[in-house]
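A short write-up of the structure that comes next.
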Amino acid sequence: MTAVATTAWICLLSPLTAALLIALAGNRITRRGAGYLATTSTFVSFGAAVVGFLSMLGEHPEERAEVTTAWTWLKAGNFEAGLSLLVDPLSMLMMLIVSGVGSLIVMYSIGYMDGEDEERRYFAYMAFFVFSMLLLVESANLVLLLAGWGLVGLASYLLIGFHHERPSAVAAAKKAFVMNAIGDATMALAIFLLFWQTGTVTFDGVFGSVDGLSDTVVTLAALGLLGGAIAKSAQIPLQTWLPDAMEGPTPVSALIHAATMVTAGVYLLVRLNPIYEAADFVQHLAAAIGAVTLIVAGLIALVQNDIKRVIAYSTMSQIGYMFLGAGIGAYGSAMFHLMTHAFFKALLFLAAGIVIHALLGEQDIRNMGGLRDALPRTYWAMLVGGLALAGIFPLSGFWSKDSILASALAGGTYDRILFVVGLVGVFLTALYTFRMLFLAFGGERSAYAREHLHDTSHGEAPFSMGAAVAVLSVLSVVGGWLQVAGVWHPFSDWLEPVAAPLVEPSTTQDWVTSLVSLTIALAGIWLAWLIWSKRSVVVPELPEARRVLEHKFYFDELYDRLFYRPADAIARALRRDVEEPIVTGSINATVTSVREAGRASTLVQTGFLRSYALALMAGLAVLAVLFVALR
Amino acid sequence: MIDTPSIDWLALSPVLAPLAGATVALLLSVFLPDGMRRAAAAFFAAVGLLVGLVLAAYVYWKSPDAQGIVADAARRDRLATLAQMMIAGAGVLTVGIAWRDQPRQEHIGEYFALLSTAAAGMMFMVSASNLMTLFLGLEWFSISLYVLCAIDIELETSLESGLKYLIVGSFGSAILLFGFALVYGATGALELGAIGQAGRALEHDSLLLVGLAMVLTGLGFKASAAPFHMWTPDVYQGSPTAVTAFMSAATKVTALVVMLRVLNTAFPAQEDLWSGAVAAIAVASLAIGNLAALVQRNVKRMLAYSSISHAGFMLIPIAAATELGAKALLYYLIPYGAASLGAFAVVAARERELREPVTLDNLSGMGWERPFLGFALAMFAFAFIGLPPGGLFVGKLLAFSAAVDADMIWLVIVGVVATAVSVYYYLAIVRSLYMRTELRLVPAGGAPPREILLTASVVLTLGIVVASFVFVQPLLDLAGNAASSLGF
Amino acid sequence: MMGPEVTWYLVVAAILFTIGALGVLVRRSPLIVLLSLEIMLNGGNLALIAFSRHQGTSDGQIFALAVMAVAASEVVVGLGLIVAMSRRRLPLDVDRLTTLRG
Amino acid sequence: MSGWLTTTLIFLPLAAALVLWIVPWPRLWAGSLATLVALTEVGLWIVGLTEFDFAGGLQGEQQHTWFSDLGVSYHVGMYGFSLWLVGLTIVCTAAAIAYAWWAGRDRPRTYFGLMLFLLGAVVGVFTSQDLVLFYAFFEGMLIPLYVLIGVWGGADRTRATFTFVIYTMAGSLLMLAAIVVFGLSQGTFDLIESGTDDSAWVFLGFVVAFAIKAPLFPFHGWLPVTYRESPPEVSALLSGVISKVGAYGLLRIAIAKFPEPAQDFQVPLLVLAGVGLVYGSLLAFRAPDVRGVIAYSSLAQMGLITLGLFALNDQGFDGAVLQMVVHGLISTTLFLIAGGIERRTSTGEFALLGGMARGRPALATVLMTTGVIALAVPGSAAFAGEFLILLGVFNTGWGWAVVGAVAIVLAAMYMLRLISAVLHQGRGSAVTDAALDLRPAELGIIVPLLACVLALSAWPAAISERAFPGDKAAQVVEAQFK
Amino acid sequence: MDVGNVLVWIVWFVAAFACLGSGIAVVTFSNPFFSALALIGNLASLAVLYLLLSAEFVAAAQVLVYAGAVMVMFLFVIGYLGGRADAPWAGGPSWQQTAAICAAGAILVEVVVAVGLKSGDRLDDEAGIDALFGGPHEIGRLFLTNHLLAFEITSIVLLVAAVGGVILGAHSRRFDQEARR
């Protein structure tokens, strides 16, 4: 096993070990100890990833991909799926992001979760999540990918429902899981199709024979896989679970529902780019879905009052950009945005977490206001995150978002439409982000904030929380400098062997895009300042539009009517009309009728011995008649 | 000058031994004081039957080839001797069951003597090979049984059952006699083999066929096959339980073996007709026996209906009219007889404990109070269903195989449905034994007497039921040798 | 042979048998039922003897003699039962013997 | 692997049952003796596992003539998949016995004797290579089940036993007719010696019997009441082990011996399986109590397994065997947990439960783990089984796999409903402080089962690759396992 | 047709009708006592028919044993019981009678038809017989040779019946004691 492979295994197994240890130790480990253990394990993971990254750097770009198999995980006939890891630039990048951001957030949790009475469970879940996410990104075949895919869904379920005595949390967790199960199912179907067409499920094998497949097959397969991606990444139409998922503790939202898991869909699109390139219809579809989602989510975010929900919708919207990017073939840019987004979105969530923590769990921005004085460092962190999100130069979001938009500009007509949509999204992003910031941190303190803001004299947050936020703030600022349009692009080059981009924007296009989008973003911030800080502009009332937005375009209601209620009604009807009367009823009816026949047959047994003799006689008569007649 | 025919005493000895036992028992019951009668009579009856059993086995061993004895009035063959072994065995076990029976009976000596005599009559009848000896053998054991049924003369039901059995039985005998007369008239022969010979020439002679119908009726009556079964529940219920046990096992052996012999020896040329008729009777028995048993509360009565349904099962292989069928029947009789005896034995024990008729209600909780007897009864019930480890499992398999072999798959289907229905009432017994929550034991005054002989009988029957499941091949060899003496 | 052929005897035998059977089937007194049974047996006997004459073998007659003995035995037991029942003050009516039923 | 090992696996528990019944052991001894015997069985099975050659065919074979007239013999032996199913049986029964011992069932001698008897009979079913012997064990299972449910069951146990026993008997009797016809036409009842048959009726005779046993829709009329009224450990065995007998029979007899009818009836059977899968899932989703959910999910799972079997290809067969073992373990675990919950709250109604996770970490962890594996979360052993099954059936027709995929989503719905209704939200009215967390003894019983499932999750190929000689399932089945 | 034959026919007719008539009388008389008396007539007329069939020994036995001994016992019991009368056709469900007549009629018709079908060919010609036929010598010889076993068994049956009669008919001491109390 090479050094890279070894580090990949260490990276993968370290959090799993921690999760199992915490689970098995039970009460024998202190709550704090569980946190330390989980944090250590994720840092070990990160360390291993860094070591692996460094040794991979030393290799020739074309020889950076390596498959390492522990054992055959599943085998049946000619079907075989190994417990195999694929270490290549793409997965290495994801490992770094996941373990890096993951370890910071787990560390943050030590402070955030302090005092919760089920801390141990929380850290076990978190470590388990990191393991699952690493499995997802490291797997070398579709089956293991699906396994990781499902396990992150499980971890997400467990963590959303962490406060299990809250019915809303439990419902949200179930919803997240079921919607992801739909995605898992379509993915599984796609894998079946690919296996029967190509005879293998390894990435190499499938990609190698993708050319030989018919359009229908490859389109169907790509659609199925896209279903999984959409569900996981909360894109329309499988987006409704993500806002509800904010029921989970804030670090969970940061890690799972912002930085890592929800971007798995993007990873999938990039990872499977040979398939999507063969099925360009589906690839375009993915881009369109991304575009629609980024607008819709941006609009909904405008009317949300829960601080976490605002960020959640912004996550959907940003993932829309990534889908857009991956859909037009700008893989490097999509992954780049994925990374920077992981930084600044994690930062936003963690900062929001400090706010919530400080307000004893309050999440409604209308109950905040004027927190800038009370939580200055948090304010700055939040501001950095918000600016990065809005794409303001020179923060990370600026670089990555612009490179996606530039790539769109570089494409054909279809791509240019998407470019325009993206620009609208930029405006919306700036608007809702700064609405949130102005409402939460600017203005007067609300009555609630005055009453509940706890004493911050000994610091805004414990060290573990502050440190994580600080690191992420720095990353949000500098993370984008890895790639400067037209100047240097080590990031895209790194990914080149795995996913060569389909479009290369010219330097002019890059500059134009940057200028336009920066202008639009600033305009958005300015408008937000006018409305929510200076309050010189009054938002038009538009009650209809507002209701539509507050009901999130009625997706929940639609699904309720379309799926849940029919399923429920069918189940009830089956129970009432099939199960009880027919399936079990038939048994009762049979038994009753046989018993009745028995009762009837004993009526003959009258006790009159003459009738006994008569039966004898009659039987004889019949027998004799038959014999003589039949002879 | 009259030349008395040579008499094969050895061949007759299995019959004579229990008869001798009965005579001694009868004489002793006159001479001995009250207190000793029971022991002496039971002892000699048992010894006679045991000796008969041993002698039958010996004759079986010594008679690989069938031959007629005493001017062909009877046969010395393995079919007869195997059936004699079963009957004698049933008799011995019945003595064990009856040992404590009827404590107030004054005619206890006669009771055991008659039991032994009835067994001897049956043992004779299975070897009888002409119409006259058949009829006489039939009357021999029937009259003994009439008396035995009614022997508890203080009990109204016993008398009622005796009278019913007597009248309906005599009615059946009269029909059988008339049938014999017609057969004799049609063929000019009394000996079964000769009738068979003459029958081949006659084929479907109407006189012979009406005679055959009457013979089937008469024998079906004894086997308690529907629609000739109606006496069975009443008589089984009313008779002393030990007698019922004996009847259910031994009478069935006798009637079915005789039916097998008569049909295959005397009417081989009419097989197409009687095979269908027997099949129809089997179906009727299966239907009526199982359906009527469903609603019974009195356990003896339920077992009576169960015996009707088993008659149906056993008629299936007879209808097949093949050697496999004969084997199947002979095999089936062994575990069936044992299970039936055993089941009635347990009922007898319960009855003596409660001093009232045993019903599903007052059986409740017996499985826990009397672990062994309850367990045994449950095992018999399971065996009757045809569940392993009871020999009836193999018995049903063989019977169905015989039917399939003879292209009578429909009979198998009927048998299968009947078994499914029978599950219900057999399980009702087990439910009463173990699963009633309210333990309504009617105290019969202290602990029940320890009945060592009855328990031993139950142990033996249970052993036979289980052993017949395990050691199928030896039993099948026995049955096969016996069947081959019919010359299929 | 002098007189009617066997067939005629057989017809008489059959009628006798039927009469006896009817007696069993319709009469309620056990005594008369027993008498009817005797008639049935005698019908059989007549058939046996007629056939015996027809075949020219005496076997049927022997059979008939044996049947007489059997009939006598049945009567003994039957009468014994009836006496026992009357001692127990049971009704001498077969239709009232319905304790056992169902 | 020696034939005596197979025979010992069958007869050791039967003999132990007799010993338990005959010798008047003190109360406490009965349970410990039974547990000891069950653990010995586990040990023996492990010995067998180490000696087993997964590349070879029938092993641990032993044959003695039973009665030659019909060509019936005591013929036992194991293939790879029989070995796994025997292992499933032994492990689950050991857990059930240990659970019953811990729960302290009344009349222990009878109870444990019956459990051991059941164990022997089921092992016999899975190892018989003669139809009559198979049938004998198949029927023999009913006796202990009947008494176990009838004596130690819930309030409505009478109805449960009668429905269960009569229904399954009706099915198995049809099979008896089929066996007789098949055996006579072949001249032997030996499964190895006999050839194939193309009679649709005989095939259906077998299929109906197994469909009732499994049960498959619409032959599951006995299932709800029986699973609800049985003692939990017996329900565990019913759904975990006994139901697999039906699937085993379909594979070993119906498909292997009737290749043509199996092809002809492939679509109708797939329809039944698919309908059962969705139907069971929907009813599980609406079931009002813990056991109802598990019961109907069991129905759905048996539909899924049948779907795999009648895919009639490598993936389907392997997946079905894997899923049989995995579902067996999971279902047993779930029922034992349900038993634990009922012991504490004396109800299984969702309306009265809830909030049990708070302060009961062991219960929560165990139930959560089992539950999410039961809903086949990707990466679990159940996922592996379902994946293979649907992969196999996809090749038969993609529509079947779509049905299966729908059912996966439904499975998530009902299992999560169960988990949250028991563990989460507000405290149910039946949940008091007296309802303690799982005791160490219970954990000692449940955790090993769960460990088996987790081990299989890490390495499902252990079974899927080793179910058939040389992992050539379709080929081996076509060759009738010869 | 000679005179002897006509005489035989006449005797046959008288005997046959007496036989059937008395048989019907047995079944229809309401008083068992009269029924029993009618049965004696029946048995006697049967004996005449037996004579016509050259079964002298059986005829003799019929009169002596049957009509004599057995019927005496019958009458004795009837006398002992007081000979209560019952209506011949009364009681029981009406379908019972109808069905009884139908069944009995069916049997009769069948036997007659069967006899009729048979007599078409072989029942006509009768075997020739010698003078010994049906005589005591012949019967005795058969009883001691071919039917020795039947003979012996007949005695056993009678013995069994005797024992049974004793058991059933005998006074029960205890029962009597209880009755007195």
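When the chains are written out, they are named A, B, C, D and E in that same order, and each has its own residue count from 1.
The working rule: a contact is a pair of C-beta atoms (placed from the backbone, for glycine too) under 8 Å apart; a residue touches a chain by one contact, two chains touch by 3 or more.
Because the structure is predicted, anything quoted here is derived from the model rather than measured.
Chains that touch both subunit B and subunit D are the following: A. The chains in contact with subunit B as well as with subunit E are A, C. The most centrally placed chain, judged by C-alpha centroids, is D.
Using CA-based centroids throughout, the chain positioned farthest away from subunit C is A. For subunit D, the chain whose average C-alpha position is most distant is E. Among the inter-chain contacts, the highest number of C-beta pairs connects C-E. As a whole-number value, the distance joining the C-alpha centres of subunit A and subunit B reads 78 Å.
Centre-to-centre separation between subunit A and subunit C, using Cα means, comes to 97 Å.
Separation between the centroids of subunit C and subunit D, computed from CA atoms only, is 65 Å. With each centre defined as the average position of its C-alpha atoms, the distance from subunit A to subunit D rounds to 36 Å.
Contacts with at least two other chains are made by residues 132, 136, 139, 143, 146-147, 150, 153-154, 162-164, 167, 171, 175, 178, 182, 206, 209-210, 233-234, 295-296, 424 of subunit B.
Among the residues of subunit C, those touching two or more other chains are numbered 10, 17, 20-21, 24-26, 28, 34, 50, 54-55, 57, 59, 62-63, 66, 70, 73-74, 77, 80-82, 84, 87, 94-95, 97, 99-102. Counting partners per residue, subunit A has 591, 602, 605, 607-611, 613-614, 617-618, 620, 624, 628 as the residues that reach two or more other chains. Of all possible chain pairings, those that touch are A-B, A-C, A-D, A-E, B-C, B-D, B-E, C-E.
Within the complex formed with subunit D, the residues of subunit B that make contact are 324, 327, 368, 375, 378, 382, 385-389, 393-394, 396-398, 400-401, 404-405, 409, 412-413, 416-417, 419-420, 423-424, 427, 430-431, 434-435, 472-473, 476, 480. Contact residues on subunit E toward subunit B in their complex (touch as defined above): 110-111, 113-115, 117-118, 140-141, 144-150, 153-154, 156-157, 160-161, 163-164, 166-168, 170, 172-175. Those residues of subunit B that touch subunit E in the shared complex are 2-5, 7, 19, 26, 70-71, 73-74, 104, 106-107, 110, 113-114, 117, 121, 124, 132-133, 136-137, 139-140, 143-144, 146-147, 150-151, 153-154, 162, 178, 182, 186, 205-207, 209-210. Residue ranges on subunit A touching subunit E, taken from their complex, read 608, 610-611, 614, 617-618, 620-621, 624-625, 628.
By the touch rule above, subunit A contacts subunit B in their complex via residues 591, 594-595, 597-602, 604-605, 607, 609, 611-613, 615-620, 623-624, 626-628, 630-631.
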